[in-house]
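Both complexes below contain subunit A, partnered by subunit B and then by subunit C.
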Partner chain A sequence: MVIVIMGDEAKNSSTATEDVSQLNQDELIMAQQRQIEKEISETIPLVGDLENILLLEHEYSNDDVYQEKVKNLAKKYKSIRRTRPDGNCFFRAFSFAYIERLLDKKEDFDAFYKKTAKSKDDLVELGFQQFTVEDFYDTYLDVLKRVGDIAEVEGAKTELHSLFNDQGYSDYMVVYLRLLTSGQLQKEKDFYSCFIEGHTTVEDFCHQEVEPMYKESDHIHIIAACAALGTGVRVVYMDRGTGKAVTEHDLPEGCVPSVHLLYRPGHYDILYPI
Partner chain B sequence: MSLESKYNLKSPGVKRLMREACELAEPTEEYHACPLEDNLFEWHFTVKGPPSTEFEGGYYHGRILLPSQYPMQPPNIILLTPNGRFEVNKKICLSISGHHPESWQPSWSIRTALLALIAFMPVPSSGTIGSLDYTEEERKILARKSRNWECSICGKIVDKLSTVKTPELTQEESNLIKQIALKAEEEVHRKEVTNSNTENSNDSEDTLRQRVVTNISHSNVELHASTVDPKDADSSNQNGVWNAVIAILISAIVLLILRRIFFYKCLSLYIYILIY
Partner chain C sequence: MSTPARRRLMRDFKRLQEDPPTGVSGAPTDNNIMIWNAVIFGPHDTPFEDGTFKLTIEFTEEYPNKPPAVRFVSHMFHPNVYADGGICLDILQNRWSPTYDVSAILTSIQSLLSDPNPNSPANSMAAQLYKENRREYEKRVKACVEQSFID
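Now for the complex of A and B:
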């Protein structure tokens, strides 16, 4: 059943008057949340510039556990690129980092372009509204074409970076990857249904947790997104847990990762190996 | 169109709205919407009252305000024609409009929003923001009056729709209407609890069902299947109350019997002692 959160809360309260005050309360909370989100987005770029990995130490100047972990991280990774923490960070980081990497190898890029060019029909077949899917698809391909047409690799990467910092294009890239991920989940729903908790069907999960913007990503999103693009990602976990080393997870297991992401509770940034 | 020179056509949001304007350019028998001449981010729409409801025969006109981040953020809908269901000149609360942004999906469109609005009209309002609880009679009168209503920008709205059949719904749109129907079911049940005016709500429940049935016959089964749930939950709740009442009654009777027995025992004991 796809019902908004507010509906659920309203359902739980017992009288009509409570419902109204509950709704008003929710309104206020949501308004405040939107304000906070707006403030965040004004300070952090959608996809940041390359930074030296050791700069992370400054964030944790009073925290020995993290400092140790950053030093460990620096043995394998030379730089980091931050992304805006708006709930889309996984999709944005993954999309950007994967395309950026593909630009290094012309054949891989062309193969990916061809694969993506065929992806729209699958989505329409799954029941997505044709003309809106087309809208996102066209922009996605347009971005790929614009960066692919630039012969010089560094120039192409700069163009990609600037497109990913243009809210219009950047969000469209996120939406299309969300749709591809949703499509992948629905195509292989027998497999993925085992990993879904608290939702009745894969379709409902997709409508509530994958397709809407600003919904954060979990393991299942990452695995499905990787499967949809035909690649793998290494997620490096860094939290205040014991142990000096950071934990690494390759998704899907045993893949050769093309993208490295740093995960700190609630957020993904892009890592660049040495 | 003068709009084309005014906006950055390279911006995906602008391109999207241009596309939607083309998509919706031809009025259908159920709805019509188009951007204002000088503002791509404000549209005016007309929808026909859903058949076999108190809104039948009514024509309802309103504004759609698109946020600058559209389609990442949902459109806002404002009704202008008095209708007895939604307050006029106020952003209204649909599960897919601006008041609940977390349920909006960028792959939905203005058309989806209009279909949801039509489907939502016969659903009882139960105190949500911008909702009105007019009686069926009052709504019927407003529906009749709406035929003469005029928009200061668009003119007479009764001429805005055509006789062209509405394009068939996509899977996504049918699902969306199902969701709203489901939401309605829950609200119907809440209504039953708070006041006993069930006849009215059942009416709209039926019409909603009819709507879904005519659009997609196979989903009928699913809809019914999922509507059983809340009813079951409700009846089991009521059973629980009855059980409690019965338990209290039984224990009261047992207590009385025990007291009686005990009283007689005491009495006989007293007599026994008295005699000996």
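Now for the complex of A and C:
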């Protein structure tokens, strides 16, 4: 989600003094951004509860285009789980939904655990600093282990949901997926460089747009995150565009998606097929 | 109470002690691991040479997901340092990555002293002199260096 950071408050204080450049603009902007984030975090959970898909109609009670699209969506999907719009929504939604899905099938979960256990060495080999990567890796594996140890599937899912709403764990899960995504982009940089606009290198792109928290995800992040985890995702686009139907995109193309996400401009939520 | 931020700061501190980078040092204040004092020595072959510049680093519970607030306590004359000591450096703002630690922050600020970016000025006078009158710039910086012995 896009957060406009130049609000009135920052503007007033900068015109109040004559020498604008001497005033620490960065801190004013950051303070205001923190205030906006605080308001969002007090109202929307990191990963919400399952909700009936038709509840979406309430959001668009005066909007025929969207009403029609929600009805269309309800033919394929029974529920939705919202995520907090903090710029991490894709990574958080994808990470949560994929692990939740893996819990249904023990063999798949175990295979993913093994794959993830090896991932730290790959990142270190790519030049990531072992000392800091370890911190996130340990937490990621700890979460997998804690939910994997619960024999009963529903109980494991409840624990996963609760860990993903604990800011400490949840954000570390997001960071580690961001690092895996960055690693994937750098490992296949010849391929991915074609998708990056301008003269930015893949490394710079990763430092600016992938690794920092709260940076929104684009197509390229999704493709690389899917490749890093070895899975595919279906993104269902719902916007004001013409036509009654929502548009579906499978990433990578032709995959059998394990995760379904609803995209409304600037934000991803998790969808559950019928 | 141990939180992810505090655990991580203990790790950062341990690493800074075991593997200290040249020309920088830092440690948590006595009672509070969330507030650190640090020193950056002016890099050789720059007008900052021989200076010992003090900084404070303030972390929030969101560290390392968000960068700490870093500020020079010593008086600085540098294109990217505000009058209040705040630092205009991309990795402390929009290019922050959770993989950076205190060691990386301090070494980045150290290299900012050697390579100012006058196109994104926090101190417009310093930026202008750096671009147009290097001698006067160096004179003003040297005054800070001398000031740093007294602070």
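The rule is simple: the second predicted complex is superposed on the first by the 243 of 274 C-alpha atoms of A that agree within 3 Å, B and C clash if a C-alpha of one lies under 4 Å from a C-alpha of the other, contacts with A are read in each partner's own complex, and residues count from 1 in each chain.
Methods note: a contact is a pair of C-beta atoms (placed from the backbone, for glycine too) under 8 Å apart; a residue touches a chain by one contact, two chains touch by 3 or more.
Owing to the predicted nature of the structure, the values given are computational and were not obtained by experimental measurement.
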Larger contact residue set on subunit A - subunit B or subunit C: B
Which of subunit B and subunit C A:Asp86 touches, first, second, both or neither: neither
Partner chain in contact with A:Val175 - subunit B first, subunit C second, else both or neither: both
Which superposed partner A:Phe136 touches (first subunit B, second subunit C, both, neither): both
Partner chain in contact with A:Gly127 - subunit B first, subunit C second, else both or neither: first
Common interface residues of subunit A - those touching subunit B in one complex and subunit C in the other: 19, 23, 27, 30, 128-129, 131-133, 135-136, 139, 168, 171-172, 175, 179, 207-208, 211-213
Partner subunit A, residues of subunit B touching it in the complex: 11-13, 15-16, 19-20, 23, 69, 71-72, 95, 99-109, 112, 126-129, 170-173, 175, 179, 182-183, 186, 190, 194, 226
Of all residues in subunit A, those that touch subunit C in their complex: 19, 21-24, 26-27, 30, 128-129, 131-133, 135-136, 139, 168, 171-172, 175, 179, 207-208, 211-213
Touching residues on subunit C, where the partner in the complex is subunit A: 3-4, 8, 11, 15, 62, 64-66, 69, 82-84, 86, 88, 93-101, 104, 121-124
In the complex, subunit A residues that touch subunit B: 1-7, 11, 15-17, 19-20, 23, 27, 30, 34, 126-133, 135-136, 139, 167-169, 171-172, 175, 179, 203, 207-208, 211-215
